[in-house]
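In what comes next, chain A is part of two complexes: it sits with chain B in the first one and with chain C in the second one.
And now, the complex of A and B:
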């Protein structure tokens, strides 16, 4: 590694103009992260002309990158306070984050999420600095068979998320998989469940499903729940996490950061898998897994660290091999083209100032975000004091506007309302929307990777087992399935420990 | 209502941006030199997500139009169905120049080969105002495959896999024709766009792939993938050493090009104003640099010539596909 170029990169970032651009970028990012719908990619598209007008192209790129990782911080806030996940990778934060908020610990959740995000992102930047090109090489070993195995693992992990019945979670996940098939088949362009409408040909957007099931579903449920009852403002016990919270969340943040860094390098689905894997890991290592889904701080710390680490490591494929891992990275790719730089293997040698300038700006940008988050947490938790009669219409308006801005489509608003009714019914009958949403996201990845693999294998499925990485993942899946069965068999033999599932379940309904 | 909402969303975002960074120039500048057009904001739906070449070209033209004509030309991403969604929106819009769109040739000439008859978008529903540019395809091989020219395919044992950027795209057609014209046993592996296909090629998951030149060029230059053929009528300026398919004895010519469309029945003075403003934009240094950076070859011909070529291509592709018995919709 070239240390002079690395240090020169800090020289680039600490120029006052670049610091200012960095600050503006992360601030805009955080704001649009809070608003569901208008995502970082769309915002970057609107602000792309800045790349033409900025005196120094590096400043523009620093700002656009700031929008992307700034949005990752903002997204947590609506997940925790309003139960609206803005993107797939923050769905799992909803379970324990929202539960904590209901217990008056929204400040704790947001504080830990901010710290976790900071640590996760920083660990990932250090990884990017030291190991970027090496990790990029390993990401290329992930072909369609590996993605298929990984997505299968993800769908199984979905069942562990939340506090409800495993069977109910699997049923919801199955519906999610089914919904993922809607749209024009990307292999034969045959129409599946599109009912002859053009609008459904592109499939259903994740955000539409998530905002309907979580956001609108929650509003409808609350309308019924709170009708006639006097309004009691939610208690806000503490604004900032206590020493005990920090101690509890520390190891989860560490594990989440590493998981996020490694999985985030994989383009397409990396960030979702990272947050899901981090959540599942925390639940496995916890002494008392039943706390999860009802306000376990590790359930916020792990996934939030992981999704920020993943967001940062998704820069690796772009900067080292010229492949944009997601829509936001594609916008950054476009911005680099605008300033006359084609991202690819030669970037680090041709434009070390830009390469290291952008990477090092992320150290500073994340520090700014952490500092910004502290006072903002205090302001945002006050949202919970707003009467539901006022908050519900505002939330409804935000979700409708947000859904509209994704594809500028009125049709999507109706789809969202449909999912809102489904979300309400699911909540009434004790189904969690989380497994449905996550399986929906992983479903298309699993299906297309599986079919692609079969084409590559020429119809011979043994390839899944003989390829080292996919074989390992499949073996791990077998282990995950077998372990609870073995435990169950052992428990049957020992009559003293009766299952406490039923009691847990009732507590989970609160 | 829809107009107002999307406008509100765009202006809200723009206001946010402007408030946050006071020094940045607003691109919707002043200085109108065409009397009446545009009288209000002109929507430019684009059938692709933000960041792809269709989107970037639309945004570049939107900037040029607002510099030349004044007013604002917001680009609205209406992704889905290979661009058919955006096309449907333009086709049924008011024919007064308030909705215009840069569209892709592949939607009219290639996608119909892969989808059912009722899903075909016809160029007859639009008027083509002006040609824009050509975006060439290149056939590339992975390092591990050992292929250095299309002649090597004959010596390969077993099926050759080729990654494509999706079903009904020019990349799929170009690759399918190449392998079928050479009678090479092959298997198409469709990916969701160029980036995943390139990733698979770099990781040796597929032997070859057809990509757009801009997507592949950086990795070609650094020697990570090997270019075998381009598919345009002549060599591509950005890859001067790569022969065309026809030079190598294959009757394959496939290219993607884009052009400005307006709804049928749009008044002539509006069409003229748009065409003049676009030609003025094409002359600017900034636009020329944009083309070079994105590896786009100018194809700035009048609208009627575009329609002629499009109709000829549509027929030619259909004939070739029938001749070789290729079914783009069945992924093989």
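And now, the complex of A and C:
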């Protein structure tokens, strides 16, 4: 590992502007984590124009990354105090977190969650620091067939592992792949699906698509859903956990960190799956599983450590191979392309300032988050009193004015609104917009890799299977396709589902 | 707080876990509007099917080429076929799904919200962003959000002023604007 580059990365982060962007990023992340409604992917989408307008692209990326991991901290607060998970990845925290709050130990739950989050994230960043360069070294040997297979695997995993109906998710992903072909073909420069308009010749800008589907789509959807009253959280006291609590939670934090790190690396995994797996693990290893749901501190510590560890380790496939593992990472992928950087194994050598700057900003960002979520948690609790109706027009304005500033183009505003309406209708009919956006972002990489491979193989598609790495990936893809079918067959035999399963599924749809 | 308290609590309320799970499930279910029926599923699948077939026809026209020399239409054609195929699967298996949400009276709010987006997009290049932005805020706060007139006006003006300062001064991004200093 190149230690000078690693240390230089700290030099990049400690520049005052970058520190400021990091602080703003984690603050926004924590805020949207606390406020139910917009998720991290939507917020990152809405703020993508910053990547066009920032003086230093590294700052913009640092900020967008901060939003993602900051949201994991914020989501905990509402889970514990209000029994409303601010983020899907904090759903399981609700059970024990709210039970602790009922017993007057909300402070302890939040304190342990913050410490667990910090430990989980830090373990994961260290893993990322050590493993990142190694993975990138391997990935340098990847050719077009490997990339075609990897992109396909990424899209398939996000569609099958994610929430919602699998066939619908796959259909959404396929539509994303198709939309990515709009515009002039890069091989033959033939126009495809442009309908003789000049504006479509350059293709549809993925930033505009993401802002529409995630941003406008969610804003419109929330407009209909949000009729709730403002929530008044319980008072919290004694945020510092006792030594006994820490001792009890310690092993759970350790296990959660490892589970989160491993699941976060997998495409489609990410924070939601990791928190569920960590909760299940804690329940399984506990001497007295019946304590869970009645205020077991491990039930908060494990999942919260896991979701932060996973949020962090999902940066690995993006920064080292160039394949985003989930919708939020797809937004970061888009931001990197906007600033003229192609994410991939060459990133670490070509732009060490960006690679290490972003990774090392996470060490500092998590430290800031720990400070924000222990001594300053009271401020964030007060924010819960802000009515959602007040924030809606502000986010709407940010979105419209932001998309206009990308190209000073009114056409972009209307394309965004179009995709916003599509996103709203998709949510109404049970199609998740996430797979569409991810597939759209990966679409051109997938098509060009596929076509280059066919040229290399001289038109013989068996070449994909006979190359060792792409063959292995394709075998894994077969496994991914076969697994849900097996599950389906098993479920038919045993139609009973426990209440917990149902909650998990419901929460996954949010 | 004594050590024994959790235990006594368990005795008094033996089913905190079940209670919590039921409450959370109930709340999540309450938040969602009534499920749309089979018509929603069929219509959405038919729309996807039409999209796939239409795209396949267009892509076919762009020239498929051969596997050795893929034409510009080959990849979109294959993807469009996959879309059509998945839509057919949805037509068969999707009818009993309950993941669609019914359009309710609240859906009109979305229509109004969408209209304000379009309105701002149309007005921006001609009269600048200030007046349409205030108008959008007023509509969203007063009519869609049910705020009082006083807070509506204060928040609308403050928000627009904030954006003016943020975009034109802090970020120095040229937005079309009326008021110039």
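FYI, the second predicted complex is superposed on the first by the 263 of 510 C-alpha atoms of A that agree within 3 Å, B and C clash if a C-alpha of one lies under 4 Å from a C-alpha of the other, contacts with A are read in each partner's own complex, and residues count from 1 in each chain.
Everything below uses one rule, namely that a residue touches a chain if its C-beta (ideal position, glycine included) is under 8 Å from a C-beta of that chain, and two chains touch if they have at least 3 such contacts.
Bear in mind that the values here come from a model prediction, so they are computed numbers and not experimental data.
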{"item": "Partner chain in contact with A:359 - chain B first, chain C second, else both or neither", "value": "neither"}
{"item": "Touching partner for A:447 - first (chain B), second (chain C), both, neither", "value": "second"}
{"item": "First (chain B), second (chain C), both or neither touched by A:202", "value": "first"}
{"item": "Partner chain(s) touched by A:317 [first = chain B, second = chain C, both, neither]", "value": "first"}
{"item": "Which superposed partner A:103 touches (first chain B, second chain C, both, neither)", "value": "second"}
{"item": "Partner chain in contact with A:293 - chain B first, chain C second, else both or neither", "value": "second"}
{"item": "First, second, both or neither for A:187, with chain B first and chain C second", "value": "both"}
{"item": "Chain B versus chain C as contact partner of A:343, first or second or both or neither", "value": "first"}
{"item": "First (chain B), second (chain C), both or neither touched by A:424", "value": "second"}
{"item": "Chain B/chain C common contact set on chain A", "value": "53, 187-188, 190, 401, 404-405, 408, 410, 455, 458"}
{"item": "Parts of chain A lying in touch with chain C, wherever the complex brings them together", "value": "53, 83-84, 94-95, 98-99, 102-105, 164-165, 167-168, 170-171, 174-175, 177-178, 181, 185, 187-188, 190, 192-193, 216, 219-221, 223-225, 227, 290, 292-295, 387, 389-390, 392-394, 396-397, 400-401, 404-405, 408, 410, 413-414, 417, 420-421, 424, 427-431, 447, 450-451, 454-455, 458-461, 499-500, 502-503, 506-507, 509-510"}
{"item": "Chain B contact footprint on chain A (complex, rising order)", "value": "24, 27-28, 31-32, 38, 41-50, 52-53, 139-144, 184, 186-191, 196, 198-199, 201-202, 267-268, 317, 321-325, 327, 330-331, 333-334, 337-338, 340, 342-346, 401, 404-405, 407-410, 448, 452, 455-456, 458"}
{"item": "Residue ranges of chain C touching chain A (in the complex, touch as defined)", "value": "1, 5-6, 9-10, 16-18, 20-25, 27-29, 31, 33, 36, 40-41, 44, 48, 51-52, 55, 58-59, 62-63, 66-73, 75-76, 79-80, 82-83, 86-87, 89-90, 93-94, 97, 99-101, 103-104, 106-107, 109-110, 113-114, 116-118, 120-121, 124-125, 129, 133, 136-137, 140-141, 144-147, 151, 155-156, 159, 163, 167, 171, 173-175"}
{"item": "Touching residues on chain B, where the partner in the complex is chain A", "value": "2, 5-6, 9-10, 13-14, 16-17, 20-21, 24-25, 27, 45, 49-52, 55-56, 59, 63, 75-81, 84-85, 88, 114-116, 118-119, 159, 161, 166-168, 187-192, 195-196, 198-200, 202-206, 217-219, 221-222, 224, 286, 289-290, 293-294, 328-331"}
